[in-house]
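Everything below concerns the one structure shown next.
All chains are identified by letter, namely A, B, C and D, in their written order; residue positions are counted from 1 within each chain.
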Amino acid sequence: MSQRTTSIHAAILGGTGYGGGELLRLLTQHSQVSVTSVTSTSQVGRGIAEVHPHLRGFYDLSMTEAVDFDRLLDAERSVVFCALPHGHSGAAADTVLREIERRGTTARATVIDLSGDLRLRNAGLHRQHYPDAPELTDRRAMAVYGLPELQRESIRAARLIANPGCLASAAILALAPLADELAGPVAIDAKTGSSGSGRELKATTHHPTRHADFRAYKPLAHQHEPEILQALGDPNGERIAASFVAQSMDCARGIYVTAHAALAADIAPLDLLERYKRFYASSPFVRMCAEPPTLQDVVGSNFCDIALACRDRRIVVMAALDNLIKGMAGTAIQNMNLACGLPEETGLWTPSFRPV
Amino acid sequence: MSQRTTSIHAAILGGTGYGGGELLRLLTQHSQVSVTSVTSTSQVGRGIAEVHPHLRGFYDLSMTEAVDFDRLLDAERSVVFCALPHGHSGAAADTVLREIERRGTTARATVIDLSGDLRLRNAGLHRQHYPDAPELTDRRAMAVYGLPELQRESIRAARLIANPGCLASAAILALAPLADELAGPVAIDAKTGSSGSGRELKATTHHPTRHADFRAYKPLAHQHEPEILQALGDPNGERIAASFVAQSMDCARGIYVTAHAALAADIAPLDLLERYKRFYASSPFVRMCAEPPTLQDVVGSNFCDIALACRDRRIVVMAALDNLIKGMAGTAIQNMNLACGLPEETGLWTPSFRPV
Amino acid sequence: MSQRTTSIHAAILGGTGYGGGELLRLLTQHSQVSVTSVTSTSQVGRGIAEVHPHLRGFYDLSMTEAVDFDRLLDAERSVVFCALPHGHSGAAADTVLREIERRGTTARATVIDLSGDLRLRNAGLHRQHYPDAPELTDRRAMAVYGLPELQRESIRAARLIANPGCLASAAILALAPLADELAGPVAIDAKTGSSGSGRELKATTHHPTRHADFRAYKPLAHQHEPEILQALGDPNGERIAASFVAQSMDCARGIYVTAHAALAADIAPLDLLERYKRFYASSPFVRMCAEPPTLQDVVGSNFCDIALACRDRRIVVMAALDNLIKGMAGTAIQNMNLACGLPEETGLWTPSFRPV
Amino acid sequence: MSQRTTSIHAAILGGTGYGGGELLRLLTQHSQVSVTSVTSTSQVGRGIAEVHPHLRGFYDLSMTEAVDFDRLLDAERSVVFCALPHGHSGAAADTVLREIERRGTTARATVIDLSGDLRLRNAGLHRQHYPDAPELTDRRAMAVYGLPELQRESIRAARLIANPGCLASAAILALAPLADELAGPVAIDAKTGSSGSGRELKATTHHPTRHADFRAYKPLAHQHEPEILQALGDPNGERIAASFVAQSMDCARGIYVTAHAALAADIAPLDLLERYKRFYASSPFVRMCAEPPTLQDVVGSNFCDIALACRDRRIVVMAALDNLIKGMAGTAIQNMNLACGLPEETGLWTPSFRPV
């Protein structure tokens, strides 16, 4: 409909799932990007709108088996999003990077992996939490952890970005400004909507089972716990004794993290709030709130809303975001913007979808 | 965040409800419009983001008691949206029009009333269905019924537009291409999300009452029935014996209309589909679907998805749309675009919010 | 926990799905019944509470491959519920009946089939709508259609009962008192919760797809349409020109049918209501309501709530029920009560689960 | 419908809200109880089924302004449930008790207050958290805290019972077996359905606001925190440094508490589970689960399901219950059963309502 002068070519590996679908949905609003390839194993040859009916009218492309690298790289800047399942995505990112290196176009291309395959630096934790993923030691070492609010400068220069986990994103944004002030264990109580479990049918996302339900899963055993600790500078959990529980809500989108912690020293509530505001002063997508955040104020947007409650030295930090946007595809596009030298919020500056 | 060269100034009367909030939300994505006044009776002096927390970061404006006409009219084009409750909105539109006339700026200004106050031409039906609204006979006579898919040319020239009802919009779009082919009664079974009942607290939108519920209301007595018949060219229901039932779903957004009808003559299913496609050939927001439409494919967008099912001469038409967008604020902006000479889809070309 | 003197032994074929689970749940409240066998193909050897965790504490039984007929028939009365998938359940009912006949215990045993396999008398319609089911012509001929409100006396004497379809139950109860007064086509607009699609994972009951959604399916092609017409005495649809559409709601339980019809002659609204009340005078589970029914007033109970709206000769009948109870397992138990000479409401006299 | 030989007469003060409605709903399944009076301020003279349409067919009673004490006390045992709002209910309990004392029938009568007015022993905390409630120092001193799993014997002999808070019930049942083993702070992350906010319309239970939302409220300031600490034997929170956060889910019923704690000494996971099983060995409504509990396995029932997860000395306890049943009216009836010498589970032995 609109005429765009695009400077970025993007390819999406794994375009049939919710990650790929959400990238495609969000990129319809990004004036600088042309999607040149969308790959799929099961849907090769089908149009994007056949696989994602809500995108009828927005793309003429069909799913292909492989990326068209000639077309992808025929642009000022090129970005490849790997949105394949855990265990496959990191290896695909590696293959793409090698092709880019072979063609000598590394300076103008960035690979963003949305899976967990490249997130953990520690080899033992990587093996424990992603047993089906290859080691890819060098790639894990070179990958920049793609949380723009913490790694903005590294992301600008990155050739390979490990996009953060959805629950981890909320927990890290909630706790990062406090990371050096904590005393004693931190309870991270995380809740997520059903789209976080993916488009594949599962017993836990069967509608009659999930409707009006709430349940915990993987208590004290979730793969996002080491990711959070690594981002907070305590990869082995020696300092921050985290107690992480993931829980399923009856909604499709949204993450709500409630972190219960204690401070090592007295800090006045207003000073704490000030510290958060300073920490996120150049982060347009983090909003500090006077009241506890709500899903409705973030779902549909790339915002993460955060609020604090204190009593004596106890502190509760609440953070809310949309798992498919700020928890996945939105942050991936934010990373793309940074890597391509665009303003961070390009194509993402949209309010949440209230009432939802 | 973004720098805009705006050519349209817009005022919103009644900015605290869902209609006003949705206009404000959608207009953040419209590059040609500056909102210059937002009025309220209860929230005068409060910032837009205080009243609509999801809009934090998007508006610097505060709610005022009255429109700043000097500022409003200091633009190439001016638009006033009246989003007050039924019974008040039409009168406000009248007052605004008189001020515009007094200033001699009618050629550049359009008033769009989102209420039902100015929709019905027939005085008796108007009184019966809007007993609290003033007569405003002249204004009802001059108002163009603002369904762009049916009245595109009149809207381009309109000074006063009566924006359609949400359930009526879906029903009319479902039936308009067939209006001359129907035989016998038409059952219009309409379902709506809770945001259609407004932001004011009501027993029927109390969460514990509405959750996991479904119920009919005003069966055979809803004010959108005469609006539908009027738009289909049968204001007194002499030809189309409509049986209209409105029903409440457990979701916040979305309208689904299932119209059951019979054809006066044999028409092959493919010919019917062809007729619909031709009818909506220049309507970018109506999409004909091979499968029954779904709320998820329209909610969050300005699309109305329509599908047909036939057996012998019986026909079922299904139409889905977002009640706050295509059923209200989206169509209002579409009307504004037409009245201001912009492409119809400006600021509205967004896919639906799937999964929601 | 409670001491019961049971006079009925019951077996359930297909105890793992929602039909079997709901029978087991409801029978915990029935003081006259002992469940002696629950069969399964996939869960043989597992305890009932392992397969249905909400039944922990209520059953000591394990799933078996086959019915223990010795135990089943060692009682005053025996009942077998066939709750297998369409295409398998009718044949299983046939096998059970033959075993019962072989043992010469037909006088004391009743078989109740919850599937659609034995519902349609007309061979052509049966083949069209249940292409995977065997013919079983004799069994279909001998089966009593198990809607107690219409067939109470036949059910008392039945050896084989075809339990009604869930959507069909609501539609038939809505229209039966009017069957002889209708003029012209009847639009039956039916809505159902997700549990009606069963416990097996399906794309249409994937939570992120179903949440906040609404969609029609099989418009004008649903297998419950001929079942409704047969029950209303017009198996070939010559008199009642039905237009039946099934639709999916975002709730787990509940059916809402809105039937739009026209009367052949003038009948005063109060006379119509009176006719319904008379028709259902001896039916404790049908309640005529002054206001449109709601799901919350029936879900969790065996009630079907019905209301009428009239204007001139147009009439709208609204009926609500719980698809797993009055639409399936509750009616099956009601049929069992009748066949066993118990008061119809034994074990079923429970209010709905409001707020749900 | 059924003929009962009742030995208990019950009166309900405040029969229009969710507490009163749920008592009435549950008591339809209790064979020993006759409800003799249901009071209301706003609905005097209206039938119970007019105020609670789901109870049509179950009660002939109308709401009255005052309790009919003659009828109430004309039974072997009498029970009065005070289900008025906080701030009014305790005073009403006091008035009822005085009337019972005046009539010299204290030995056969028990008063059960469902509000928070009589729960806190500590005067300062009482005043802080229930500023609108009268002191009622003597009544607060005499009231037995009605959590049967902890106070079974006292309840049997009680004349006045303070029924526990809903969130508090889940938290206390989760932590009581561990109360003496805890080291360091305990994070109690509590989630509740909307019916916990009552039948009165509120902005936080407006459907478009609550649907698909999740939000925290009163973090570190909720009145159930001191109630939990008192029940765990640490009324001033000196030992257990609780961090309590209440949160709103998009469902009508259900409470889920996730408690994050640390153990003072090593205890093997199986020993911990064993300890819980022993602790609740005579509590039929507490079920220890191998997997994290789910709302669907408790909603509609009087069960509280509990599961544990451990890693080193960190422990997470998850507890789920139905806020209107085990969190309110079900426990109240359980208390009535105990006070009247009946088996604890009388009228309450029902599985949960899965799928809900």
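The rule we apply is simple: a contact is a pair of C-beta atoms (placed from the backbone, for glycine too) under 8 Å apart; a residue touches a chain by one contact, two chains touch by 3 or more.
Nothing here was measured: the structure is a model prediction, and the numbers come from that model.
A.B. asks: Comparing centres built from CA atoms, which chain ends up most distant from chain A?
C.D. replies: Farthest by centroid: C.
A.B. asks: For the pairs B-D and A-D, output the one whose chains share more C-beta pairs in contact.
C.D. replies: Comparing B-D with A-D, the pair joined by more C-beta contacts is A-D.
A.B. asks: In angstrom, rounded to a whole number, how far apart do the mean CA points of chain A and chain D lie?
C.D. replies: 41
A.B. asks: How many Å are there between the centre of chain A and the centre of chain B, using C-alpha atoms for each centre?
C.D. replies: Result: the chain centres lie 36 Å from each other.
A.B. asks: Taking each chain's centre as the mean position of its Cα atoms, how many Å separate chain B from chain D?
C.D. replies: That gives a centre separation of 46 Å.
A.B. asks: Chain C: which residues touch two or more other chains?
C.D. replies: Residues 18, 195, 208, 211-212, 250-253, 294, 296, 355-356 of chain C touch two or more partner chains.
A.B. asks: Could you please specify the touching residues of chain B with respect to chain D in the complex?
C.D. replies: Listed in rising order, the residues of chain B that touch chain D are 18, 193-195, 197, 199, 201-203, 205-208, 210-212, 250-252, 356.
A.B. asks: What residues on chain B touch chain C, complex-wise?
C.D. replies: 184-185, 187, 189, 191, 208-209, 211-217, 219-221, 241, 243, 245, 247, 249-254, 256, 258, 260, 262, 292-296, 299, 307, 309-311, 314, 316, 318, 320, 355-356
A.B. asks: Which residues of chain C touch chain D in the complex?
C.D. replies: Going by the criterion above, the answer is residues 1-2, 18, 21, 25, 28-29, 52-58, 195, 211-212, 252-253, 284, 287, 289, 294, 296-297, 300-301, 324, 343, 345, 349-356.
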